[in-house]
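Every chain is named by a letter (A, B, C, D, E and F) in the order it is written, and numbering of its residues begins at 1.
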Amino acid sequence: MRTDISEPELWEYRSAVEDPDGVDAFWARTLAEARAAGGEVAVRPVETPLRTLEVHDVTFPGFAGEPVRAWLRLPAPALRGGGPLPVLVEYVGYGGGRGAAEESLLWASAGFAHLQMDTRGQGSGWSRGDTPDTGTNGPQVPGVMTRGITSPETYYYRRLFTDAARAVDAVRTLDGLDPERVAVAGTSQGGGTAIAAAALVPDVAALAVEVPFLCDFPRALAITDADPFHEVTRYLATHREQVDLVMGVLAHVDGVVMARRGRAPARFSAALMDAVVPPSTVFGAFHAYGGPKEMAVYPFNGHEGGGTAEDLATLAFLRRHLGAGGV
Amino acid sequence: MRTDISEPELWEYRSAVEDPDGVDAFWARTLAEARAAGGEVAVRPVETPLRTLEVHDVTFPGFAGEPVRAWLRLPAPALRGGGPLPVLVEYVGYGGGRGAAEESLLWASAGFAHLQMDTRGQGSGWSRGDTPDTGTNGPQVPGVMTRGITSPETYYYRRLFTDAARAVDAVRTLDGLDPERVAVAGTSQGGGTAIAAAALVPDVAALAVEVPFLCDFPRALAITDADPFHEVTRYLATHREQVDLVMGVLAHVDGVVMARRGRAPARFSAALMDAVVPPSTVFGAFHAYGGPKEMAVYPFNGHEGGGTAEDLATLAFLRRHLGAGGV
Amino acid sequence: MRTDISEPELWEYRSAVEDPDGVDAFWARTLAEARAAGGEVAVRPVETPLRTLEVHDVTFPGFAGEPVRAWLRLPAPALRGGGPLPVLVEYVGYGGGRGAAEESLLWASAGFAHLQMDTRGQGSGWSRGDTPDTGTNGPQVPGVMTRGITSPETYYYRRLFTDAARAVDAVRTLDGLDPERVAVAGTSQGGGTAIAAAALVPDVAALAVEVPFLCDFPRALAITDADPFHEVTRYLATHREQVDLVMGVLAHVDGVVMARRGRAPARFSAALMDAVVPPSTVFGAFHAYGGPKEMAVYPFNGHEGGGTAEDLATLAFLRRHLGAGGV
Amino acid sequence: MRTDISEPELWEYRSAVEDPDGVDAFWARTLAEARAAGGEVAVRPVETPLRTLEVHDVTFPGFAGEPVRAWLRLPAPALRGGGPLPVLVEYVGYGGGRGAAEESLLWASAGFAHLQMDTRGQGSGWSRGDTPDTGTNGPQVPGVMTRGITSPETYYYRRLFTDAARAVDAVRTLDGLDPERVAVAGTSQGGGTAIAAAALVPDVAALAVEVPFLCDFPRALAITDADPFHEVTRYLATHREQVDLVMGVLAHVDGVVMARRGRAPARFSAALMDAVVPPSTVFGAFHAYGGPKEMAVYPFNGHEGGGTAEDLATLAFLRRHLGAGGV
Amino acid sequence: MRTDISEPELWEYRSAVEDPDGVDAFWARTLAEARAAGGEVAVRPVETPLRTLEVHDVTFPGFAGEPVRAWLRLPAPALRGGGPLPVLVEYVGYGGGRGAAEESLLWASAGFAHLQMDTRGQGSGWSRGDTPDTGTNGPQVPGVMTRGITSPETYYYRRLFTDAARAVDAVRTLDGLDPERVAVAGTSQGGGTAIAAAALVPDVAALAVEVPFLCDFPRALAITDADPFHEVTRYLATHREQVDLVMGVLAHVDGVVMARRGRAPARFSAALMDAVVPPSTVFGAFHAYGGPKEMAVYPFNGHEGGGTAEDLATLAFLRRHLGAGGV
Amino acid sequence: MRTDISEPELWEYRSAVEDPDGVDAFWARTLAEARAAGGEVAVRPVETPLRTLEVHDVTFPGFAGEPVRAWLRLPAPALRGGGPLPVLVEYVGYGGGRGAAEESLLWASAGFAHLQMDTRGQGSGWSRGDTPDTGTNGPQVPGVMTRGITSPETYYYRRLFTDAARAVDAVRTLDGLDPERVAVAGTSQGGGTAIAAAALVPDVAALAVEVPFLCDFPRALAITDADPFHEVTRYLATHREQVDLVMGVLAHVDGVVMARRGRAPARFSAALMDAVVPPSTVFGAFHAYGGPKEMAVYPFNGHEGGGTAEDLATLAFLRRHLGAGGV
């Protein structure tokens, strides 16, 4: 069952979300503070049973310089050519973390340096994480969607999106990786985070997002009852007088606002039977996106979206935009 | 449908939870540090449309001296006799906060000074809260059941239970309230918290708990799939290697362990069709309780338990143990 | 998720329900017969643990003079001023009854005489009742929505709405209450009943309804699958040939038809995510209402509506329209 | 999934339900009053498109002489031999009524006179009914399980079971039917009703019940959450103080108590995966049954039980006990 | 709740499904091959406890001449007049088979020869079957909706629809049945199959379908999540690249395409609250139907549709079009 | 919530399933016929974006010589040492197929030749397949659990298990793979299939199964309602008279019977909260297993079992039993 308007209508749909006042200054300041906070990028090899890949445990400075974890997976040295590797920085979906070192082998097996960033304070759901969130916890609905939601300064996604931008900064400092060929990517929350990273570090080489979450909040809240969007609904059901306040805060991280600031070549995908991320919210961000772009539509899929088929299409897209050298 | 063993079996059941090493020292140190942290008890009158009650907004120092909010509801001055009022300190259920000033009018309408303590970091679910939680947020399952669960030092309920004990300390400093006649009470999470308060401040005058949560974790996790107990299950499903660690941490706050340390006259209630708090876990705490005690059983109720009927029985119980003077 | 059309559309929406022929005569006759049937208003004090309120067990003659129960809660005598008290007559939601004497303390604590009318033949669900329904029980769907539904004469809500009107008559006879300052109010089924009471006794001083049920049946049946509206759907699924008959009977009690006959100042509220009472059905009655009116919209709430926030707004509304004297 | 104890355990299980004091006198008086109330048995031919059967609309005096409807289906005259027909009196399941004249054709097609009794006040669910219930409706849970449940005198099933016994009386007065060869039968509620009819009219020629409901209430309430048993649970959840009263009333109609009074040859069936009527409750009645008896067990069925297979086995059982003459 | 557009909109709606190229040749060839395959029609009397009907176990050659089972039910010889009987060929709903000989007695009891065709490879759900399906089983979703779906040649419904046409051929060869008065009928899948039979054997005397399934696939897949339509959705969610292929195959059996080819008088029915077969898909076929036609609408029913009421209306419709002789 | 008996009880539990008469002869004949049917093993390289692995599309002769597909994944040539590679033959879970060439990269990345066998006639659910099933399709419940279930000869799992054994035969013929070091493994249905493969080819080098399905049917059907076990229950609910027949057929493939015939070192795992595969059924097979064995228990997991943690433990187990040479 389609969960949203029809595909022809989606191509016409435009989100009504507007840029909040001062949003560029807000993010510029946030990012400047994070970069000013210093911190080292640490890379520690991990022993695994893998023979075709090597995995490193990376710690890099994220929001406010706080340490954030990631896995860096590389093809085995015998398979690496002379030049630096192209890089895929991946962000993960809601509730998960970076998982185990031995998971998520596709991207490095395809020849990329693959940095899989941990998600602060999540990572006990479908996959594990190792990075704590910081800041106090005001009254909130379980989950992170309403953590610190009464101000852009304290909102959870300010911290996560800053981590995401700083992950790009971090990989650009590492030997053997090509700082000119860094793509950002992700699925669902990871997709929304990648859009933000492409906005905050607009010179990334490519953006690839599958069924990206966190876009077009006002429409999403009106048309879906599925978590995690629904966490916000439940919060506003209790905090009835904060509707305008919360909507203003959400606009600071909304994927539609972020997409306007992206410049890299981008690939989006949406699924017409997706109840978790209604496709109109993806199209809302897609139409707003500021760089060259393409969209894949999966008419009979839910939130699983294009799955491996879309991963393979993403690999082809990345090869086109990052070049084959060194892969 | 009964969710647990039969009533005759419940009367025979004893929990297998043992006191963890050093649990008394752990709590003594925690409480000592909180008391040493200082902080003022602030009482600010609130304007409400109520004519028969007056309500005050209280802030008192809780865990580590951190400010915790509460409502203090009192009968209107014209109705108060000469002596100090007996006090009911109430803790609230999972997901809720102290709510609105105009809610929960029964206890003060019955003549008690009623302090309803806010629940740190909850309070956006069925009722609202105003008190943030502190500490970093490691990877966790949404909710508070697994926040900081890798150590007794960082576990959420260490902080909440300390708040609960300090709420008793706070009301004992207030004019017009009788420090000798302070009862602690609550339902579900509020009941588990009240058991902890009665353990940490064993000279309270009475303890009254309805379908108390947070007791007998090993049995609870084995026999119920209902949240919030199930949050722990989901955490352990992901963090498979932490089973012993987590069980050891939980024992520091388990209602069975806490109940052994209570000395005040106590009233418990359990419901035989309760899927959220299986009745054997309540009986586990009840049988372990260290003071005089009584138990009410509701054979056909779920987690709503005895409802108003049990509230009225609690009022009678409190009158017996706190005396009628000044009510 | 919004369960109905958008808020701008709701402001434009008008119900298609028309007045059935003879509806005014039908109700005039019904009410006249009830009043002619006689019967006493009995008021018996109840012993409760409450100190700030007194509660009376009231029996008054309702439909066909049949005895109907209610609680009358008053501020303690020491708090009552010289003049008569303003009165709030409240009707309760589907499945419930007047509950316990010690429940629902807000209105009397705010200074009103609060008559909480029992609901005939319900009162074993979320709260208890003490008043039987009468009349034979033809084939029906469980619940009261289709009890006697083959004729306006035998339909359940004819009896309940007559009780509601007679409750106003009853309080106007009681000492210490101000017959000029009687408001009618309720939530859900209680709201639909209050609209009917305001139609049948149009000189009440105010009407306040939260997410009122029983309005705009044809639209409601088409757009919701939630009980209790769905009881009617299930009846018509079995009794396929009675569609026109049943629709004609329902029009005699439809809140849209009733609202046209109200004259007192009125406050309505609707919730945009309400699946039990779709907001368009509330707006259908609101737009039809015959007196001065205001509407509160809760965009992120379901059938819980505005909760305490709306109760407080209702108290302010009542103070404006009933005056403060004697409260 | 088995919903109850294993089959070997079922053969050992005995119900703990005891006969309430005076139960025989209660039913003797009830039946005597019904018989004394008089009333005619009216038989009116119905025009149907059927060519192999003829159908009559029967009205007979039931509880307190109140008119009860039934269908009487007979093989077409050309197919009837010289002698009177054996009779099957059937009672129907919860929520249904006698349905349409053209439904339930098996028994008459097999050569029986088939009287299908309507169920007072039900008959708007899965099939239609035409017989109203009487008596006032105190506070109750939707459905009939708790209608009048505060006294054996007013309880719904007193009236229905009396109707059932009087249906046997009625068919025995009709020309062409053999009063010596009247069997009573039914499925689920119809089975429980048939057990009662066989107790109240112990000289019926046979009893055949499939997954009979209404047996062994205390065990049933403890082990199933399915309606209609669960209606009683919900009632007792609200009316907490009536547990003993209600259990005493239920014992007056419990199938275990009734079964002790049956004398006719009987066939029972039970399904081991039945969640609506747990098989132990059927075995409770079966083991208590006072006449010759057989039991069919369906190990992989739910409440649909043996379906047509059991109907055919019932036909064979009836042929054995009613003889073939005239069929 | 209505599951589709409103009734006025349904009367305006037209399906967008077009005839696939070569569809007539495809079916002509399929039918010719089946008829060329030969095979006998075998009729074997069955012993049953029925006295008013006789039942025969029929085997006839279906798709590719494969043996297909059916029940043939006839009024008892004593009730048959001189002339040949009119015939109703019935197809059954999804998941079921021809069931037991003693089930489904209405049509023969009303004087028709009733051939109830088994459904190949189904018949272990709500009723039993005895006919296997043939052909290999490529990767598919459980159920038959996607069996062989990659080509019109291998698709399951090619085989079933051919069986359906050959059932008409078969009854026309039997003694005592009137080959000029054969109607085809069915409910849900049986209705879709009957539409196909009326297309493939356009000289049948009448067509009667209740809530027919298998019509207007593109719309159905977009608007319902209910099985069995949803089986196709799940298949396409996995086989993302086969969307056009599968849509082309489905058009070969789509009830809209088939309906265009029917010529016999037809009766359709649709239910406005049907979530399994959305009413617009029925109207899509109805509006396309090529013969005289009538439509019954059930506004408050789900997939149970008109039930016995519609069966009786169908009997009247059949009497009008098949004549009364011999019935 | 635990779905079965406690862990201490699991260690004591023994399955009651006995070897059916002639089971060894049945399988010997089946396997001999398959081997006699001939057929080639074809290996075709697949172009993928992978750089660290190479993938081959394998077709080998399975049951009755029918072609079965598989993926063979190998470390890139530059990473392979001189000797032949150890081999892991993996079978997949219910509803899935071999998926895409670029999925399931762990085992080959860890240095194994990884043959992932397709599952005949499944493969349109959570992953895709390319291998059709054969044989006719008698009446069955959707899914494969009851396909051909009326005889061991025609039962689906006879064919699948034969494919599984023949996959081992096939890899032993391939260059560069070590025929002495072939392990069989799988999860859920893949685990049950691996147990069968280890029984049919008892000289495999190791067996590793996670939460294996298809073991101890009589107990499984009694204690779980979850599919796919429940498919059998639904079949028997309709085909009531086939209980003994079906139980006899199932015993020919039951994992308990198969396990008795295994001789290779084996690792099992079970999850105590697994509702799909109750842990007692796994222990039933484990205790019966005929070779050296170890068991991992996951107390807080459902059917996801040990996940990556267990995969890593399996890799260590395989290294111990297959040796490190050539990996």
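The rule is simple: a residue touches a chain if its C-beta (ideal position, glycine included) is under 8 Å from a C-beta of that chain, and two chains touch if they have at least 3 such contacts.
Quick caveat, the model's predicted, so the values are computed rather than measured.
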item	value
Between the pairs D-F and A-B, the one where more C-beta pairs touch	A-B
Gap in Å, rounded to a whole number, between the CA centres of subunit F and subunit A	37
Inter-centroid spacing, subunit D versus subunit B (mean Cα positions, whole Å)	51
Centroid distance [mean C-alpha coordinates] between subunit D and subunit C, Å	40
Contacts with two or more other chains, residues of subunit D listed in rising order	309
Pairwise chain contacts, counting only pairs that touch as defined	A-B, A-C, A-E, A-F, B-C, B-D, B-F, C-D, C-E, D-E, D-F, E-F
Of subunit D, residues touching subunit C in the complex	95, 97, 120-134, 136-144, 146, 234-235, 238-239
Residues of subunit E touching subunit C in the complex	1-2, 6, 273, 298-302, 304, 306-307, 309
Residues of subunit D touching subunit B in the complex	221-225, 233, 236-237, 240-241, 243
Complex contact set, residues of subunit C against subunit B	49-53, 75-76, 78-79, 99-100, 102-103, 105-106, 108-111, 308-309, 311-312, 315-316, 319, 327
